[in-house]
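Here the chain labels run A, B, C and D in written order, and each chain numbers its own residues starting at 1.
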Amino acid sequence: MTYTQQAPGAATPVLELSGVAKQFGTVRALSGVNLRLFAGEVHALMGQNGAGKSTLIKVLTGVYQADQGDMRLGGKSIRATSTLDAQRLGISTVYQEVNLCPNLSVAENIFAGRYPRKGLAGAWAIDWARMQREARALLARLNLDIDVTQTLASYSVAVQQMVAIARGLSISAQVLILDEPTSSLDDEEVERLYGVLRQLRDQGMAILFVTHFLDQVYALCDRITVLRNGELVGEYPAAELGHNALIAAMVGREMVANPAQVAGASADVKKEQAVLLQARGLARAGSVKPLDLTLHRGEVVGLGGLLGSGRTELARVLFGLDQSDAGELIINDSPVKMDSPAEAIRLGLGLCPEDRKAEGIIGELSVRENIALALQARQGLWPCISRAKQVEMAEYYVKTLGIKTSNIEAPIGQLSGGNQQKAVLGRWLATKPSLLILDEPTRGIDIAAKQEIMNEILVLAKEGMAVLFISSEMEEVVRLSDRIVVMRDRAKVGELPGGTDDHAVYAMIAGQA
Amino acid sequence: QKKIVVGFSQIGAESEWRTANTNSMKTAAAAAGIELKFSDAQQKQENQIKALRSFIAQKVDVIALTPVVESGWDTVLKEIKDAKIPLILMDRSVDSKDTSLYATHIGFDFVKEGEMAGQWLVEKAKTMKGDINVVELQGTVGSAPAIDRKKGFEAAIKAEPRIKIIRSQTGDFTRAKGKEVMEAFLKAEGKKINVLYAHNDDMGIGAIQAIEEAGLKPAKDILVISVDGVKGAFEAMIAGKLNVTVECSPLLGPLVMSTAKDLAAGKTVPRSLIGKDGVYPMETAAKEFPSRQY
Amino acid sequence: MSTVDQSSWVQRVQTHHLLWPLVTLTLILMVNASLNPGFWMLQWRDGHLYGSVIDILNRASPLMLVALGMTLVIATRGIDISVGATVAISAAVAALMVGGKLVITDGVAQHVSRFPMWLAIGCALLTALACGLWNGVLVAKIGLQPIIATLILMVAGRGVAQLLTDGQIVTVYYAPYFFIGSGYLWGLPFALFIAGFVYLVMHLAVTRTALGLFIQAIGINPAAARLAGVRERLISICVYAFCGLTAGAAGLIISSNVKSADGNNAGNLLELDAILAVTLGGTLLTGGRFSLAGSLIGALIIQTLTSTIYSIGVPPEINLVVKAAVVFVVMLMQSAEFRRAVRGWVMRPSAGSKA
Amino acid sequence: MKLATKYIPLAATVSLFAVMSAFGSLSYNGFFSAQVFLNLLVDNAFLVVVAVGMTFVILSGGIDLSVGSVVALSTIVLAKLVEHWHWHLAVAIPLVLCMGALFGAFMGWLIQRFRLQPFIVTLAGMFLARGLCYLISIDSISITDAAYTVLAQTRIHLWADGPMLSISAILALVVLAVAVFLAHCTQFGRTVYAIGGSEHSAVLMGLPVARTNVAVYALSGFCAALGGVVFTFYMLSGYGLHAVGLELDAIAAVVIGGTLLSGGVGYMLGTLFGVLTLGIIQTLIMFDGSLSSWWTRIVIGALLFVFCVLQRVFEARKK
């Protein structure tokens, strides 16, 4: 493997890791990894799902203790034994998944551990007013204007992710680490974040950045370190590593990044297909305004909209997680009362939720059990899917979706983020639903896997499954959908045919504003 | 004329003896035309203190108290005295130095019960040969009857050096525990055991079952002594399974009510009134049984 | 080849979730046996086995039953502190309905019950089931926190039991009823067979149906389980109801064993023992993974400990200190973190001496 | 007036308390007097103190079953020191408080260091403390020390000849005030909430989780010991059977006050009203005075039921 020695200028790295190794039981998550981070650069850490990126970051910040290796910060050897330690050393981290306290207010989550104090009432008392003021100011930098006194749990995952970023930014540090911070943000938010990151870089901060979006890497990063299977592939200047070369380095073989075929092409044929689901004036006070929606068999429908436009809420109402309080829902020509997810599943629906940590995975259960769960729930208590059948099912999806796990009996909570997402998806595909609602299904999934998943979905759609597709990547929505339903402020504002330009969607969102 | 109101703070309903005591108070009050404010403390002294305070707030005419322990009453009794409400102590007394805090004490002594049980055994020992090994089933650790019945018994058996307590364990005053502990005693000590002394009848009855299940004859192979004199104990004695029960009658209601009337009328009453108590050996059980009320 | 097999076998044993509970049980048994020479002695008496071990098994049966029911409740992230009260209620119902007296007809002594025994047992179990159902509805439908929902029944339940029995201890005189709690089958206590049967049924239910999977899913992540289509409320209610039922069965055993029902004292503090048994068996109180066999072992640990305290002549004043010390030791032994720390303490000095 | 959603459980508790008081005042003679309501505080001062400590533990997602036994242990140690060994109060009381805090810290350390379950650690702690009581003395010990008696029996009149409070009641209010400050205005308090919300996240956020966990149990032990001191003011005695089952009362008070047992959500003030609610249920039953022992239990259960269900309904409505 190539390891380029040249560094920007003659400067010594702020942070230098060499020969880091980490093993979990029999899983070798990292072995002999080197990393150099210089002041005033944005450095991308790339690799497929399960390559060891998050583990490397956790070793670096004291969540895990390295089995081997040496870490140097500003030339001095360090060994963080806790996250608190790492923070004290000047390393600020935003971990993958939202690792904040849902019961605390947004402002507190940002300042927890570093509260502004009021002088007089002892150096003890927290200055709440100042904290809220500063929190608002910080979020404003990211263009987020929300009530910072509300609990974090009352906001969507995207907002929570922004709050986590705001927390990371607010810690004045030498090194800032961001593990997939943009996975559920839309383009506009991402642009904002870049602005802030560039500013910090110019002030001399060293930034380590993990993402699966190649465009973002080239837009922002100066150098790239690539990991594969826990091993270092190489360190490259971003400018010198082409798109395809980067993918090759990550995947380990040549692969052409051909976007999945455009689905819209066959839209006309599908129009003929039978209507699967029809919503008339469906509404829920405070979350979805009355809306009509028709889904046909074999059709992929995208939901377009900005953050907080109510797409997740619509999905929840359709799936019976929240009850609608007006309008009607007709499935297969008969009106239904959707009062629980169990009922929805009985009717052949599936929902891959946005927040996989809170609503998706059952952390301590094995990959096998997680994949079998929904199908078993549809069958009821009995008959029980036989162990052999479960194993077969789990192995099938581990293979087709490329889930990287030591074995199918490993607890799903130990999988890397992207692999957890794939397993949850596998759970729903296993039920062979007639309508699958996907809320940010590609969150945190690497570029190679994304293609495979999309192809899998399109194959199923060809076989007659309807798909309702929600994603913060508008380009993805446009490319895959036969039809795009556009939402704004919790209401449907119109429909567009598939294959349209994403600008058309933005125009429709903005047009009637 | 206004009805006399008596506030009565009872310990709880932990045993049949206690329930009989409560019932006696209620029926006596009804018969005497007294309004009884009853409060059950569920075994907690703090609840009793709260009840006493609420009686003060309700301005009752007389207060009757069955204290769960002797100590710790000074503060609230002072408040009662300040409110000029006469107080009758029932069953157990309190250890206040200031005896003006209560008008009278109606009751008896757990120590005395233990002594009577011990004396019966000392008497009986004269007809027995060799060492006399006693196993003891104590009441709940730390509770007043458990401490005093043990104390009294131990004092009484000093008179006969052949009597030895070889095992002593708590049975929490319940049949189930009494049986369980006795089972363990029988396994550990086997045929060495000559006498069982149980701090109440329920544990005694449980232990009798254990003795039978071990293939021994209660009251013959192992003498059984217990305290309280509840119905079950009399049945066991009639069946020839229990040797003796020591009782102090729980039927104190009429005495308390007549005293209460006197106090409400401003009369002075004796400082101390003693309830009826007695020893009921097996032989008298059949005769006594029909006249038992509880 | 064989060495590979062996090492994997050793590893399987070392990581088995029942290892430490079993080690604990063995240790306590050994302590008991060394202080009490007759401990392992078994005699054949009156057509059944007789000895300390039999006593322990017999005494542990009600606790095992309750612990089994409690295991499922705890696995769903709940807790049921009303089991003691349920025991008292079921015992009271059974004892009142069986009642019984000795009648002599045509010179033949006969035990006569007030109601047929099966009806009495049925009613007692139904009442207990109703108690459990009540808890389940409060938790799953109304959404009260489990501890407070079951606290209501814990407080009121004993009152109900005493109300039924009018505050008296109801003695049962109907001999066939005694079989449940003190009868023997094939030389072993009948109560043990009840516990064994319930364990078997539950084991089949959680392994042969999807119940085990669903309960774990609910306990680990209720939101995700619900979203995956698990009917989490229904299952929670059933689990509480079942826990009530096992407590009811325990109530029958206890009342039959002492031939009476004591509304105030029957099953006192049983809830704590049951929860302790479940945790000693390796089930986490935070819900999720559970072990039925572990709970059985936990119950045996507790009963063996109790019986040890009685039979080795610990003075009653220090009963609790001994019990506390054992619980501390047991839980430390079961903590992987503690074992690691001990390994560290042992290794470090020796490594230091080498250097 | 619009009520922030987070205050709803608290508001529910407070208004239901008001309804119960109104009911009592209308139904029973002598109920509606300032002294009866102040007595709720006077009689339950120890419970307030203990429940405040318990609130911190529950907020952090743990539980402490040892508090009742620690109260008993404190009373008996105090009685022994003051009565039998004639120690001065000013030495004996701080010593007992230290003992409680150390006891709690020890349990907290076990829980934190060896990842043990709080439920069993504190259950063992409960056995241990109760057992130590019996080792010190089986019988109850009266406290007759003059200074002590004065402290215990001093009554502070709110106005001349008006209703009065005891020193303990005032102490309880002070403890509550300090706890409110601790919980809402200090790093420690907020860390407790954060741990209750998600311990894993709190660790990743770099909060001092280990230290706080131990401190929470130490605080609870301290409050329990202080509760024990207040208890001796109340009873003037030390006894191994004091405060049996107090832990359940404390947990019930905390939960009724709107704190979630799963941690992270709740208020100190709610705990005060939780205690007062339990107190008023008892007072209602005492004023009624016609219930038999078993009906007393059934009615307590029923009132608890009505209260909790109404609280739920109230919350559901407001949301």
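Assume a contact is a pair of C-beta atoms (placed from the backbone, for glycine too) under 8 Å apart; a residue touches a chain by one contact, two chains touch by 3 or more.
Protein names from UniProt, one per chain: A = Simple sugar transport system ATP-binding protein; C, D = Simple sugar transport system permease protein.
Given the structure is predicted, the values throughout are model-derived calculations rather than measurements.
Student: Report back the single chain whose CA centre is most distant from the CA centre of chain A.
Tutor: Checked the centroid distances; the maximum from chain A is B.
Student: Chain A to chain D: how many Å between their CA centres?
Tutor: Averaging C-alpha atoms per chain gives centres 44 Å apart.
Student: Please tell me the distance, in whole Å, between the geometric centres of chain A and chain B computed from their C-alpha atoms.
Tutor: Centres of chain A and chain B (C-alpha means) sit 71 Å apart.
Student: Please compute the C-alpha centroid of chain C, do the same for chain D, then give the distance between them in whole Å.
Tutor: 31
Student: Can you list the residues of chain D that touch 2 or more other chains?
Tutor: In chain D, the residues touching two or more other chains are 134, 138, 292-294, 296-297.
Student: At which residue positions does chain B touch at least two other chains?
Tutor: If we look for residues of chain B contacting two or more partner chains, we find 12-13, 19, 22, 141.
Student: Return the residues of chain A touching two or more other chains; collapse runs of consecutive numbers into ranges.
Tutor: none
Student: Going by the touch rule stated at the top, which chains touch which?
Tutor: Applying the touch rule to all chain pairs gives A-C, A-D, B-C, B-D, C-D.
Student: Quick check: in the complex, which residue numbers of chain C touch chain B?
Tutor: 36, 38, 45-46, 50-52, 55, 59, 162, 166-169, 171, 182, 254, 257-260, 262, 264-266, 268, 306-307, 310-317, 319
Student: Can you list the chain D residues touching chain B in their complex?
Tutor: Those residues of chain D that touch chain B are 28-31, 33, 35-36, 39, 42-43, 46, 133-134, 138-144, 149, 152-153, 231, 234-237, 239-245, 282-283, 285-287, 289-294, 296-297.
Student: Where on chain B does chain D make contact in their complex?
Tutor: Touching chain D: residues 7, 10, 12-13, 19, 22, 36-40, 42-47, 49-51, 53-55, 57-59, 69-72, 74-75, 78, 95, 97, 140-143, 147 of chain B.
Student: Given the complex with chain D, which residues does chain A contribute to the contact?
Tutor: Residues 63, 82-84, 86-87, 93, 95, 99-104, 108-109, 112-113, 115, 121, 124-126, 151, 167 of chain A touch chain D in their complex.
Student: Touching residues of chain D toward chain A in the complex: what are they?
Tutor: Against chain A, the touching part of chain D is residues 6, 181, 184-187, 190-191, 193-194, 196-198, 200-208, 264-265.
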